[in-house]
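Below are two complexes that have subunit A in common, paired first with subunit B and then with subunit C.
Entry: the complex of A and B
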């Protein structure tokens, strides 16, 4: 019994930081409609900044002052990010800001590395709160008890701010209809900046508060991000009580999971989330997203037309150049080209559901990594030949997509996105923790192609044929009636339903097709590398594909491919430098600000302005 | 007080207002009349800069508004009551009013909650109810009251009589006349000629986003062919 209570108390104490970060994310999303991927980075900054302050400020007063100051400083850093990075892109297409926040993650990672070094930082003990208290004979750290008291006060303060002050009223009003708030004379820019300050300060506070428990390290940002997404989804986007309850639920279960089921702690979190969502699709306290915000009508979608003769010639020339690559390229360029081809197919498959279907998936790596693991497991345990494994990889990934799609497509918008992310994390944690089968972090190795395809050149041709075929197939599907139905479901689900299209079924089929195509890419990937590790299923992998699709251009068919080539190419150059993340992050942010239509869209606009291409008006 | 000069507005590529011009004098109640899709709401939004006109001028007390942020337009004393009400459904009546509250302004009435509750007695009873718990008529009253909390000198009312019960339409008419007696200038859009007759001094008729008639209601009454051509009766 004593053990049980001690565990419960630790779980409740752990909930504190999680709640603060989650409520910050939730607030920012509510008002600005931005899912701030960089929120985990602000949490990490809070820990590091707090640590540095504690080195300078002595004693108990210094300790607590440091924590408060860390919150304020991180909040101010958030304000700088909001003004410099997000303000210029508020008018960009919805969700484009995601890419900008991902750039922010990379920048903060490297700046943190520069400032504090790669070594993990051991958190200072809280003066006066070291040691344990015995509760029914079980030791409970004093600091945990302090956290237990502090968190409800922060939660109450936040609740008071939101429900009882003018600022809170404006925040809640803006969450529903920010344009109307502006028309009533409230300067939205400052409201956005203020909310960003508050949200980031909460994240920083959370990071600094957990210092004595966990210290600070460079992996904190992604580690908390997943948990925060889960908390926000379980609690319901925009609900503070929901965030609190979900944080407690996840933390307490986490503590008990470590004790009773150490092999499945990660999986447990996602299983709970899926269960909650099956019963309450919008979280415990959430509400369905309001479809169609009030606002100005944007430029109408430009219809996607089949490639004209000139475009076909360019593509044919490009393919010919690629096919001749073994003649003029080195072995190294062939390997790089193979990587890029595989990545392009992966990105094109995400583009298919995202661009044409309007289904923003944050977890597309599940199918890429899934396909890779299917192939690798088949080879490792059944000595399957490469040819068969390459066929079964998309089948496995497609099956996974059918199941995951069935659950996720019950939701829309940001809930759909977060649910896909959770599923990909579920797969990742399965692979990561089920060591007996998947060898966990050690990965599966020695997975080589059949003898005939083992040469670099032959494998390059194999990838060229399969990836080009896959991309052309997706392109073909976009121009087939199926593609029309998919786009109709994206633009107006109701209208599409009224004309007899079963929108959910069409989207489900598209999701499965995209999953299978990602599986093809995953299968090719394994045999090109000879090994696979869990990080092929990670968030970062999904984000890679997202960045590529957004940077390339969501509204153009070539977007996925062009973005894929650009990102992999740039990465190949940049990773030779020590602080390549910083450079890549800055580059991403600059592209987002300068070219909000993506590379292809912006290039087309420029070409039209200079008279190289005919504009849409002339095309009529 | 308000001068619209050759305004052209677009929704994407659709040309909604073409060379629209008219003026509203201080203290007038002007009715903007026209059929569904004539461009009445777009006119209102183009004044508020919720739709930014591609060309032309919107002059309010001598300042051109085109290109200003909507909150700046509101701060200059223009109050906007949208057609679809757009009250904050999760906020209480009092909180909705709080969102609209702005400092008092020289040369116009400073509204307090109590004054608004006198004007709309139904709201007083429901002050702690959430927006979504209210009837359509009550929501219409709330959206007007919310805008008045900003102490505007000029009120834009987009279809105030749409979709509410006849008894409340009468109340709306009384409210508009009271606003006029307090010295406010009002531009309201309407499909309902009877309602316009009850409250307005002048009428502007638009069709296809262009002005077709501009004159007093007496002049409009004297030309039934205009009414028949541009307004469905």
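Entry: the complex of A and C
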């Protein structure tokens, strides 16, 4: 019994920092509709700032003051980010802002490294709270008990702020209908800034509060991010009581998982998330998304049309230039071009469901990595020749997409995105854990092409043909009746249903097609690299594709491809420099602000303004 | 006719221009060094400093084969696919004669696979995974650092000397952790057949729930604990374990815990009494190691970490191999690395011909507190050659042979 209670207390104490970071994310999302990828970075900043303050301010008073000040300072940093980076892009297409927050992550990572150095920092212990209290014979650290008390107070304070004050009324109103709040004369900009301050301050507070249980290091931003997403989604986006309950649930179950299923540490949280979302699709305390709420912000989308003769000629010339690359390019140019081609197909496949289907998937890497693993496993265990493996990779990935799509498509919007994230994590942990078959993170090695394709030039041509074919096929599908049905389902599900389109089935088919195409890219990838590791299934890989699609332009057909070429090319150049993450982050933020329609969309607008292209109005 | 001559001349000029570039670049011998300089900055920075110190020394003494030695440092973001791309660029465009680097084992394995396919020589300097030289070993890959198996075997030998019978293990839930626990269990069971493993804990890497792990370990009431956690996981584990009294009356055997990279951030909370592998640079007395430590400190105004030592020895190994081969051709270098012997700060080491593993050893000692920070005391340097399986077993472990 004593052991049981001690475990419960440990779980409740762990929930503290998690709740604070998650509630901040939830608040920001609720009001501004921004999925703040950079929230983990504010948590990290809170830990570092708190640590530095504790070095200056002595004693117990200094300790607690430091924690509070860390929250305030991080909140202010959040305000700077909001004003400089996010304000200019609120009018951009839905979820475009997450690209900006991704840039913020990169910038904060390098600035933190510059300021505090590379070595991990051990957090100071809380003065007067270093020992343990024996509860039924079991030692329980005093600081755990302090956290136990503090967290509900913070939660209560937040609850009071939200339900009992004028600010809270505005925040709640904005969460429900921010346009109406604006129409009623509330200054939205400052409301958003205020909420961002509060959200970031909470993340900073969480980071500083966990110092006595650990410290500060440069990987903690990404390490907490998934857990925070899980908590927010289980609790229901925008719900504070939900976030609290979910943080407690995850932490307590995690503690018991450690004891009774020590191997479960990687998956438990995602299994819980999938289960909760299957039963309550909008989380414990979330509410269904109102139709149209996530509708397009800003100007309406233009109808897509097949490329005109001029565009076709440009593409043909580009392809010819690519095909001639072995003549004028070096061996490495071919390697780089192969990489970019494969990545472009991967990005184009995501763009297909995201741009045309309006289905934002945060877990598209599941199919890219899935395809890669199908091919690699076939080669490793069945000595399958490359040709067959390349055919089976999309089949495997497509099957996975059919299964995952069946579950995920019950949800929409951000919940759909989060469920795809959960599934890709499940797949990742399966590959990671099942060492006997997948060799875990030692990966599968020695997966090389058949003899005829093993030369760099031949493999380049193979990739060129398959990737261009795949991209053109996706483009063709967009103009086929299937593509029209898909866009109809995106823009108005009700009207589409009324005209006899089975929207769910169309979306499901699109999801499977996109998965299969990602699988093609994955298969090509594994033979070009000769090995595959679980990190091809990681969240970071999904984010890569997501960033690229938004950067290129969601509302344009070429967005995925152009974004892929641009980002991969820039990365190849920038990573040669010392502080490349800072440079890349700043570059991404600048692009986001200057070109809120994405590279392609903005280029098209400019071209129209200068009269190079005909505008939409005089289209026809 | 005229036109043809002109074209020929043009082609000739172009060919000359293309050929001329590498000719100019041949003034130095280039080595491609791929690492996660940003993602693992705390480990990669001292490593790079060790390399640069050794390079200055080698080049001050006239370089190798009459030319200066040069390292091209490239960041792979910790991504195996990215590392492959960079490796190709280093070898085919930048004119590197061989590859080295990486800390993460999966990136090392990816480069090693490329090395075998494209016949590039790769010296895996820091990655620890046993599979680099065994299960996935190949003819073009060599490894410098004391492997997981070797370090676990050294600690198992120490553990066998104690009275402890009931063991618990805690290791990060990925390949390195699993290999370390497996090796420790195997070797300890051989040395002391009556040992019993009462619990195994597998926290996710860098996401440890230390309170829960400590409770789970305490519940199993072990006599001793084998620890493989490192970095922030280690810091959290030590703090919770100390607070909750897990380490009272128990010996903990800690992989890498004594390395300055991991021990120093713990400061005055270093776990006293743990038996660990590490690098007691502050205490070394033998001339070669002392000379390295002094040179490093006077060059950087900072003390060496284990990464610094590995970086330094990487350059030494490559320089020695180049001298022995007398050329920069891959095949000659490969033959030179097989059985290569050289003197290093930790004494003479050999790159074993049988599995391409260097016999670099490790320092094993006990953690004590000195001037408010953890140090290793009563340490001995264990020669890596004594902690590898027999040749027959190695042959079985390494299908490449």
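Note that in this section the second predicted complex is superposed on the first by the 614 of 620 C-alpha atoms of A that agree within 3 Å, B and C clash if a C-alpha of one lies under 4 Å from a C-alpha of the other, contacts with A are read in each partner's own complex, and residues count from 1 in each chain.
Quick note on the criterion: a contact is a pair of C-beta atoms (placed from the backbone, for glycine too) under 8 Å apart; a residue touches a chain by one contact, two chains touch by 3 or more.
The model shown is predicted, which means the values in this text are computed figures rather than measured ones.
Of the two partner chains, subunit C is the only one that A:435 touches; subunit B does not reach it. Look at A:551: by the touch rule set out above, it reaches neither subunit B nor subunit C. In the superposed model, A:183 makes contact with subunit B only, not with subunit C.
By the document's definition of touching, of the two partners only subunit C reaches A:7; subunit B does not. Once the two complexes are laid over each other on the shared chain, residue contacts for A:172 go to subunit B alone; subunit C is not touched.
Between subunit B and subunit C, it is C that contacts the larger number of residues in subunit A.
Residues 3, 6-7, 10-11, 13-14, 109-110, 113, 118-122, 125, 130-132, 138-139, 141, 144, 213-215, 217-220, 223, 227, 254-255, 258-259, 262-263, 265-266, 330-332, 335-336, 339, 432-433, 435, 439-443, 445-446, 448, 454, 456, 525, 529-531, 533, 535-536, 572, 575-576, 580-581 of subunit A touch subunit C in their complex. Only residues 166, 169-170, 172-173, 176-177, 179-188, 294, 296-300 of subunit A touch subunit B when the two sit together in their complex. The touching residues of subunit C, when paired with subunit A in their complex, are 38-39, 41-42, 45, 74-75, 77, 79-82, 84-85, 88-89, 92-93, 105-106, 109-110, 112-114, 116-117, 129, 131, 135-136, 173-175, 178, 199-204, 206-207, 209-213, 215-216, 219, 231-232, 235-236, 239-240, 243-245, 261, 264-267, 269. Considering their complex, residues 11-13, 48, 50-52, 69-71, 73-75, 80, 82, 84, 86, 88-91, 95-96, 98-102, 146-147, 150 of subunit B touch subunit A.
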